[in-house]
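Okay, got some structures for you below.
Note that chain A is present in both complexes that follow, paired respectively with chain B and with chain C.
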Partner chain A sequence: MMDFINFYLVPGITLGAIYALGAVGVSMIFGILRFAHFAHGDLMTVGAYFALSAVWLLGIPALAAIPIAVALTCLVALFADRAFYKPLRQLPTIYTVIASFGVALIFRSVVQLFWGTESQVYSVGFQKPIVLFDSLRIATRHIQIILATAGITLVLHWFLHHTQMGKTMRAVSDDPALASVAGLDPEKTIRWTWIIGAGLAAIAGVFVGLDTDVHTMMGWNLLLPMFAAALLGGIGKPLGAIAGGLIIGIAEEICTYPFFGESLISPSYKSAIAFVIMLLILIFRPRGLFKGRLL
Partner chain B sequence: MSYKILDVQNLTAGYGKLPIIENMHAKVDDGQIVVIVGPNGAGKSTLLKSVFGLNSRMSGDIVFESQSIFDAKTSELVPMGISAVPQSHNVFPTLTVEENLDVGTFAAPPKDKTATKAKILQLFPDLKDKLRQQAGELSGGQRQMVAVGRALMSDPRLILLDEPTAGLSPAYLEVIFDLLLQVRDSGVSILMVEQNAKQALRIADYAYVLVNGKNAYEGTGAELLENDEVRKSFLGGGAPK
Partner chain C sequence: MELSGILFYLISFLIMGGIYSVICLALNMQWGFGGLFNAGIAGFYAVGAYSAAIITSANTPNHVGGFDLPIVVGLVVAGTLSGIVGWAIARICVRLKADYLAMASIGIAEIIRLAVINEEWLTNGSLGVSRIPRPLEEFFTGRESEMVFFVFVWIIVAITFWVAHRLYKSPWGRVMRAIRDNEAAAESVGKDVQSFRTQSFVIGAIFMGVAGALSAHYFKFFSPDATEPLLITFLAWVMLIAGGSGNNKGAVAGALIIWAIWSMTEIITQQLPPDWATRSSYIRMLLIGLFLQFVLQRFRAGLFPEKAPKLNVKSHG
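Up next, the complex of A and B:
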């Protein structure tokens, strides 16, 4: 039982938290700009590398580098929107979707150009896990990631329900035509969507780096589970995306637990879990768990 | 007679390059309910949309409180004192009733938000115990109240209503028209499109019949109700009253 918690459940929640933070942006961009942002994974990568530079140049720990990574990643996202997505805003969204594939490649290539293609880590050395109740052993980085994600969820909930911009974003996501009849400013809403989406992507990127390592494909590899999480939560429902991310992360990890003496599935197939969940939602519950929009 | 609120002059407008309404005029004076009636596809919604900057205005002029708004964007009109309620999809379905009302203040904050909200809830008491319910879960009539309430939250001097009674039962229709009279009496002028022409003309201070994108008839509500041609073609015949 303790093995289950220590080696499957906690890592599952950690992985889920990372998916969740990425999925919030995917879901909000889908809700407000109405397109699938395929560069979102690589935005995470960009964030992780900004933090890496801050760690190298300033000698600070990765967690302390998060604000720097968030700020720079937001600027990158706002620039990408301005340069690549905004000119396509009036066209059918498929143009923007394709453009976002291009932007993903640009992000990745620029990262490879500046930081090289080798894997990096934020810090070397072994961190002793925290031991609770004698047998519950949790890695410090897992505690940090889980608590930070919980805090972010609370702040996000407060923002969406209690601030003017949060309510504006939900209104635009509900009905953009009515939002403009009500005189709401779509471009300002879009800027805030990028700031929140990119900020959380950067945090997720740093968390991936903390949990494993930093490499140029890290974000791209997470794209599928992030989209699955956003779909599971319901498109345009950021808090649903967080729940979706947790469910998928936990499902991926505990599927490899030897419940009956043997793993349910071989660990090498665990990334198929997100795919299967995504297909099942699209077929049986296309609006996700929290009644999001249909695709 | 000077038209203090809205004066649509010789307006040609439509979608893209295609004109739908041509050389139209319509006027709203202070404290009036002005009604636009006409067959389906006549261009009634198009007229409201062009006043509100939601389609292409081609020629003519639109004057609001002696200032031309021919080139004004929607986001500029709300702060100037005009709000609109579209024909369909006129509430934010996943926002609560209270949040729908709040959204109405964002583009143009009223002087005293609490007082404005209290006034609106006094007008629509049905909404009082629904404030925390999602607007999409309400009945059609309650949704119309939320939609009109949202439009009133910015303390406008003119509201444009596109078929506020669409899909409502005849009993509810009276309720909504009653409320609109109260809205007018509270100092908000109303330019409204209606399918339920007979009932609408009864509460209209002035009305226009629009056919094929052009003005066909106009007069006070009572005059049009008495007019034989209008009755025959647009009010389903029958004797007046």
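Up next, the complex of A and C:
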């Protein structure tokens, strides 16, 4: 039983927290700008590499590098929106999807050009796990990631429900025509959507680096589970996306637990779980668990 | 000698250009005719390539088969299996906005990649399937077999083009364009939007599978590395949009022109000093990514913009 918690459940929650932070951005961009942002995974990669440079140049720990990574990644996202997405805003949104597919490639090749393609880590050395109640062993990095994600969720909830901009975002996400009739500034809302989406993506990227390592394909490989999490939570429901991310992360890890002597599925097919969940959601409940929009 | 070297470079260029033309025409059936975004082209291509490879290669203990069957059988199986995968995914996604199909199609490509790497009994895993035959191999060798293959590829391109052209001009193509441009209007005159969209996605998927089969025969060896999404999916999108989505001539022209640019940048970057050579492939990717943005913003109709055939309506007094 303790093995189950130590080696499957806690890593599952950690992975889920990373998916969750990425999926918030996917869900909000889909809800407010109405397109599936294919470059979101590579935005995470960009954030992780900004933090890596900060760690190298300033000699600070990766967690302290997060604010720098967030700020720079937000600028990158705002620039990408201005240069590549805004000119296509009046067209059918599928053109923006194609553009974001290309932006993903631009992000990745720039990262490969500047930082090279070898895997990197923020810090070397073994961290001793924290032992609670004699048998519950949790790695420090897992505690950090899980607690930070819980804190971010609370702040996000407060932002969406108690600030003017948060309420505006929910309104635009629910009904853009009505929101513009009410005199809400669409471009300002879009800017804030990018800031939140890119900021959380950068944090998620740093967390991936803390949990495993930093490499140039890391973000692209997370795109499928993030899309699945956003759909599971309901498009335009950021808190739903967090729940969706956690469910998918936990499901991926738990499915490899040997419940009946051998694991339910082979670990090499772990990333198929997200796809299966995505298909089930699209077939049976396209609005997601929390009644998101059906675009 | 110089001249024949150039000639054979040209032939190998046109073989790959032909394979990309088939992919591009197939993508045009999905996106150009029906407005369906497919981000998993590499998946359908891999299904086709592996089916053809397993059907036609000689018997081996490394994986299931090979069945040593004629290449035509391999092409038919490749198209059929790829079409079935396309049908399954289209059934689920076409009733939703195109973005959902885009997200699901990435998933399809990912699952197929996983299966190809892990199911060693079927595909020999990362070692790949080898000894895949080329057509008429027993009569021609070396450069002659390359010539024969060139003719073979372009016969398939011609067939694909003919199919795409007939579909485009047919009443079916007209309905597809109506759905693409105004779904509600098409539905209001009683067209079954979902069924038409599924059909266009499946027909496109079939030809993507055929293109995969062609490349397996050309390289005579197929491993998971050859299904790199960047080189297949992304390049095909750039080709179609630059050439002109909706226009079959544009699809072929786009495939050849972008493949020419892509091959030329490789020649140029080979001249760079060695420490730049490793970085040059990233520069190429960056440039092709920026090129797509340029085309989308300034040049959206492409080189050969779509020209819908005139309606031949007789006036009734």
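Criterion: the second predicted complex is superposed on the first by the 294 of 295 C-alpha atoms of A that agree within 3 Å, B and C clash if a C-alpha of one lies under 4 Å from a C-alpha of the other, contacts with A are read in each partner's own complex, and residues count from 1 in each chain.
Here is the rule we go by: a contact is a pair of C-beta atoms (placed from the backbone, for glycine too) under 8 Å apart; a residue touches a chain by one contact, two chains touch by 3 or more.
Owing to the predicted nature of the structure, the values given are computational and were not obtained by experimental measurement.
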Discussion item. Contact-wise, after the overlay, does A:V103 reach chain B, chain C, both or neither (first, second, both, neither)?
Written reply: second
Practice prompt. Report for A:S271: first if it touches chain B alone, second if chain C alone, otherwise both or neither.
Written response: second
Practice prompt. Would you check which partner chain A:L57 touches, where first means chain B only, second means chain C only, and both and neither mean what they say?
Written response: neither
Worksheet item: A:S180 contacts which: chain B (first), chain C (second), both, neither?
Response: first
Discussion item. If we overlay the two complexes on their shared chain A, which of chain B and chain C does A:K167 touch? Say first, second, both or neither.
Written reply: first
Discussion item. Contact-wise, after the overlay, does A:I130 reach chain B, chain C, both or neither (first, second, both, neither)?
Written reply: neither
Worksheet entry | When both partners are placed on the shared chain, which of chain B and chain C touches more of chain A | C
Practice prompt. Pick one for A:M2: touches chain B only (first), chain C only (second), both, or neither.
Written response: neither
Worksheet item: If you lay the two complexes on top of each other, which residues of chain A touch chain B in one and chain C in the other?
Response: none
Discussion item. Please output the residues of chain A touching chain C within their complex, sorted ascending.
Written reply: 30, 35-36, 38, 83-84, 87-88, 91, 93-95, 97-99, 101-103, 105-106, 108-110, 112-113, 223-224, 227-228, 231, 266, 268-269, 271-272, 274-275, 278-279, 282-283, 286, 294-295
Worksheet item: Which of the residues in chain B come into contact with chain A in the complex?
Response: 52, 54, 74-75, 77-79, 83-86, 89-95, 99, 102-104, 106-108, 150, 154
Worksheet, complete the sentence: Residue set of chain A touching chain B in the complex reads 164, 167-168, 170-171, 174-175, 177-185, 291
Worksheet item: Touching chain A in the complex: which residues of chain C?
Response: 35, 37, 39, 92-93, 96-100, 102-104, 106-108, 110-111, 114, 117-118, 230, 234, 237-238, 241, 279, 282-283, 285-286, 288-290, 292-293, 296-297, 300
